[in-house]
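In the two complexes that follow, chain A is the common piece, with chain B as its partner first and chain C second.
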Partner chain A sequence: MDLIEIAFSAVRVSTPLVFAAMGGLLSYQAGMLNIALDGFMIIAAFAAIATAHFTGSLELAILVAVLGATMLSALLGVFTLKLNADVFIAGIAIIFMAYGLTALLLKGILGEDGVFMSSAIPRFPTLDLPVIESIPVVGGIVSGHTLLVYIAWLLVPLVAWCLYRTRWGLRVRMVGEAPEAAAAAGVNVDSIKFQTMLLSGVLCGFGGAYLSLAYVSLFANQMTAERGLIAIAAIFFAKGHPGWTALVALLFGLATALSVRLPQVTGAAPQLLQLIPYVVTVAALIIVGFRTARSRSKHGAWKFGWN
Partner chain B sequence: MSAEVSVPPARRSITASPIFGKIAASLVALFISFLLGALLVLALGESPLEVYGLLISGSLVGMPNFLVTLQMMSPLIFTGLAVAISFRAGLANIGAEGQMLVGALCAGYVGYAVELPALIHLPLCLLAAFVGGLVWALLPALLRVYLNVNEIVVCLMMNPIALLLTGYLSTRVLKAPGPTNKLPDIQPTAELSTFSLFSQANTGLIFALVLCLIFAVVNVRTMRGFEWQMIGKNAKFAYYGGVDVRRRALTVFLVSGGIAGLAGAEQVLGQYRAYYDDFSPGYGFDGIAVAMLAQFNPLAVPLAALLFGALNGGSAVLQMMTGLSKHLVQVLQFIVVLVLAAKLSWDWLKLGRSQTAAPGSDPPAEGPHVTAGDR
Partner chain C sequence: MSEPAPVIEMRNVVKRFGDFTAIHDANIDLRPGEIHALVGENGAGKSTLMNVLYGLLPRSGGEVLLRGEPVDYGSPNEAIAAGIGMVPQHFKLANSFTVAENIILGSEPTRGFNRLDRRRAAEETAEISRRFGLEVQPGDVVGDLAVGLRQQVEILKTLYRKAEVLIFDEPTAVLTPQETRELFNTMRNLAAAGNTIVFITHKLGEVLAVSDRISVMKQGRIVATLDNRDVTAQQIAALMVGRSVILRVDKAPPSELGAPLLRIRDLCARGERGEVAVDNLSLDVRAGEIVGLAGVQGNGQDELVECIAGLRRRASGDIEICGKPTGRTPGDNRDLGLAYVPADRAHVGLSLESGLWENLSIGHLESFRWGPFMRTGAARKRAGELIERFDVRGGEIDKFAGSLSGGNQQKVQIARELTRPAPLIIAEQPSQGVDIGAIESIHRILVEMRDAGRAVFVISADLDEIFSISDRILVIYRGRIVADLAAEDTDQEEVGRYMGGLEDRPRDGASPERTAHVG
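And then the complex of A and B:
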């Protein structure tokens, strides 16, 4: 019973990771590592909560969240693709600008410092899936989530289908693997990269809206808590494959869910348990490093450089 | 024969010198940032003139305010210098926040737990902070240099880990008796002395300035400094030119972490006189903006730190006097970073985009040098 509960909350916790990871994965496949996912999400989380507070409409809130995150991704896209900015430095700037901007607007528009809650914000209804609900273990884990959770998990096969079964997906992967060849074949490399950047903004918009409206019903400064970067670690770990990425995100979610539940059981210091998702992420990155190093020595390629 | 090669003096204008281009780019970035900031302030229903006036008067006008600015700029010089030397070598050490926290904890611990004469105690505390920061940079550095894992992601993970670990140690393990979450006060022998009663600005500031001077000399006058720049500009070229790229990169990264740790020492030994849990309002992140505005030049770091330190000092006044939050400064800082990331240069400003598209200029950051991706 308790295990089912933890699995249920793992699905819940990993949903924003899945949104962000699917978005980041698209630009990763197009050969552009977009580290600003966290910035997109925090903007979306704020836009969602502010819109929901003023209009009381969840649909409108999600729309505004997606728009906000997409605008920010367009900004990053313009800077990296048109203005030759380094994607990492521009990405760092976008992340911290977004943190600052949301904190500023929180005070400026909603008049709160740090945390904002409001009774005017409607709750997301939970959906009970008709047949699956009655299956003993699976039903307890899969059924009873909000709509956005189902959207997130349905995105995974959708993204995989787009990447591996459509002409557009082929172009994206081509741009990522051999930009010169893609350009020679008549593919507009920058345009494809820009499209994936915008899409990662759209998906992070959903992720951010989920975070502030469905996962909790409040906004707090830096509430994304490095989820965008955990999503990137998941992408690295799964080598950019959508299904595996989602699975890794689920495992990260499980680690977080455990870290939320454990204090009640063990009485250990809360700080040590909050460490779990970060430590798991760093551990995953270490594994990625060793795996990459091995395959590199096999192929004899020498790689160093960032600029 | 040589007359053909050298540029005729008549054609040399001041605008052609690289220093001028860099200064111009920084000023343009600042201008754009303040302009956008003004629009933002206007949109939030405040007067930009009043807000900027408060930021300046709250930080630079009057001796006490100016001393507070000196106090605010000291940690930014350390973190800015730390970020600057790593960026210059092509390594994005943005974990200065975490390295500073660990360095501060080490300095705070050695500061109270050891009893020694001041002549040895203070250097020992500084050394402890340096080593603490260095150790916290070790993992991202090793992963980056030997396994090609993206250091930005690792660094940004190490920051919350540092915050939680130091939080655990200072609230549970090493906590001083009493209600506040802090370590016991440091011994007087470990203190960095302050200049005046009105501010916590301390001799750490002078130490920071000397450090900047040292690295300015190292960068320009020594072999190591040249090699660090070379691996930042073109690691492959450096490699084929016989530079031990990995060793140099590792050294830069660790030194950078150590300097960020010293920022923590300045805070603990000079300003707070004990390690307080969660003391930093984000000096490590401000360091990124300082380094970018200074364009990685150690001599420009104090100036950039002065500007952002002043803004930070003024933002406290802003928060009290208006409906705006102190985060306005953070937005301004990172607009500067974003604009400067676009490789602004004087040529670029003059010629528009035709220059950036020219063959042989820096290629746009593209594709599979995505570190840590096996493709």
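And then the complex of A and C:
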């Protein structure tokens, strides 16, 4: 078993998680628990594959995917910010709607049940990074990915910069922590929240397009496989900090890569090993739970269910 | 003396909420360089009137003139742009951010690509802070600051936006007397620089101490605007309430003291973030006395009371109620003889979504038990009697508790708690959000309870209240009792110094760095 190969595939596998997590953490920082990341991604995955099938253009496919996911995020934004729906409940509705809509369109437009593949869809070219590819170990892990992988990882410092260095970032974080303070200071709270919601749509759009065009080259119903929820787990684990969130996403990617490789080596039941990423997720959430419970359980006041 | 042209005139301003008229034809003018006090009972419309001026509430009628020009602000942003600033009672600050970040929010200085210019933010913040003699450092994190300094951050926020009219909404409610005096100096400095200060309050002593003119509101009307010359607190109080009021409760000196009904020894407790909130605290409250616990909010009072009530686990130490160690749950402690009137009426004290009879019956359910059922008729009958006896205005037994005013909600809590056969009474902020007339009767009830031989422990951030009813005054500072004073031998100045930690006498074993700065 080649460790470099596993690390390479961990980077590849965690890429959609990084896209979704970066999108989700923007709305998380603005004080919204956006659980609809899966819905945004599945729409994008479908839009990407359908566009690529009909036009043969990867650029156009990504564009349509991002547009589709952004429109869905705008819909969720309208539900929660304009119509005052609970973001959690509306998010669930959006996920179901996205799953149903893509399944319907899969049958209606592409004429398939369950899975769609097409020889008309071009492959994503891989990029060998000059200089870096010749570095031992690092080159084998970092070089030779598709463009979207690099975009995802470059997003991490970009998102961090936006959040912690710009005026917009200060407003986003203030809106998340103290919406009243932000409103009193003349910041349009709903507008900031809506912007982060749209951006999480944009980033999930990339994530979905990556899933169907680069990670594999097909569309399957519910192919996002709860990656959006895993991304949310990563955000919570890292308390919304971009760098740490990406690292946790990478850890999940590593767990997935292992679950794919280990059966070949160990001969254990693959079904069992495929549990690894989910076990890691549950473990991460248990750690988060303990971390928050620790400070209050020992000496804390009884909680009666308000704030 | 020629009167300067007013900066702001409000003419015949009306504000309606549905059928309810909160402001009737209010007329007020604010002059440059003056401190204008706006006084009135809770619910008289002071904050509503100022929220109309600040653009938070649209007005239903009348006009507002700014330097003679009619204006109509749809949002605080427009008011801020016109030079009106509000220092809110409940600070609107983000605690994990720095002073500078909180101040610049909404009008941030930037460099290219909308990057924050942190250095300029810090410099400008420090500059304004110096100019008006304030003490906050731009780089400090707001959550670490004392209440008085947080208020300065709010003041700086308005000044950073070039406010010339500053509205202070109940600014002294959370301050020590020393911090209050500093605030008044700041207000005078601001006024001397040509700004207009509006000072919303119901504390009459402060009104007389600092203001140039006084407008009195009653039931949505401005009933008088007076120059602060030859006016007395009694006159203003009479205008506010519409009848003369007694500002101090008449009470006989305490009779024979009985056994300690609340006995706390070496209590330690931690706050929400695991910090030491109550630190080796010991105290006694005896039958037949009213003990007042004074202190700036956030010095461990909440945690102390929660420990006594059984709502918080203590880290170490002993609490005895009526001579018996406290139990594990709030119910156990109540069975030992505790009556608890919490400060948080809306969440801990009452269920605002439930009827008055239900609120009055909970805690007394044993007496209405009939097997697994409840004798509703008897409970409702008793609720009706209590409403009558404790004079709950607007009280019908089926009305939601949330439909009552703060004072009447307080009476409902008190009626329920004090009719239990409980010798120990803990009253937390009993007059918070309660109008003057009701404060009087609440204090009277507490004194009656004392005279009936119960032990009364009052926790209040309001020194006027502490002084008007206590026989003995304890001061809590950073989780410890730093003073134990007989009420007749002390004054607000002295208690205030203890509250601010200025006369801190650490007991043996207390580490010296705890006393290093006021918190």
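Throughout what follows, the second predicted complex is superposed on the first by the 293 of 307 C-alpha atoms of A that agree within 3 Å, B and C clash if a C-alpha of one lies under 4 Å from a C-alpha of the other, contacts with A are read in each partner's own complex, and residues count from 1 in each chain.
One rule holds for everything that comes next: contacts are C-beta pairs under 8 Å (C-beta built on N, C-alpha and C of every residue); 3 or more make two chains touch, one makes a residue touch a chain.
Computed from a predicted model, the values in this text were never measured in an experiment.
In the superposition on chain A, A:Thr166 contacts chain C only, with no contact to chain B. By the touch criterion stated above, A:Ile141 is placed in contact with neither chain B nor chain C. Applying the stated contact rule after C-alpha superposition, one finds that A:Glu177 touches each of chain B and chain C.
When the two complexes are overlaid on their common chain A, residue A:Met32 makes contact with chain B while staying clear of chain C. Legend: residue contacts after superposition of the two complexes on their common chain; A:Ala185 is shown touching chain C, with no touch to chain B.
Of the two partners chain B and chain C, more residues of chain A are touched by B.
Once the two complexes are laid over each other on the shared chain, residue contacts for A:Val64 go to neither chain B nor chain C.
Within the superposed three-chain model, A:Val87 lies in touch with chain B and out of touch with chain C [touch as defined at top]. Using the contact criterion defined above for the overlaid structures, shared-chain residue A:Met41 touches neither chain B nor chain C, since it reaches no partner. In the superposition on chain A, contact of A:Leu106 is made with chain B only, not with chain C. Shared interface residues of chain A (contacting chain B in one complex, chain C in the other): 177, 295-296, 302, 304, 306. Remark: chain A residues 28, 31-33, 35, 79-94, 96-97, 99-101, 103-109, 111, 113, 175-177, 179, 193, 225-226, 229, 232-233, 236, 239-240, 269, 271-272, 274-275, 278-279, 281-282, 285-286, 288-293, 295-296, 302-307 touch chain B in the complex.
For chain A in complex with chain C, the residues that touch the partner chain are 165-171, 173-174, 177-178, 180-187, 295-296, 298-302, 304, 306. The touching residues of chain C, counted against chain A in their complex, run 76-77, 80, 86, 88, 92-97, 101-102, 105-108, 110, 113-116, 157, 269-274, 303, 306, 311-315, 330, 347-348.
Chain B contributes residues 40, 44-45, 90-92, 94, 139, 143, 145-150, 152-154, 156-158, 160-161, 164-165, 167-168, 171-172, 231-236, 239, 245-246, 249, 285, 288, 292, 323-325, 327-331, 333-335, 337-338, 341-343, 353, 356, 362, 364-375 to its touches with chain A in the complex.
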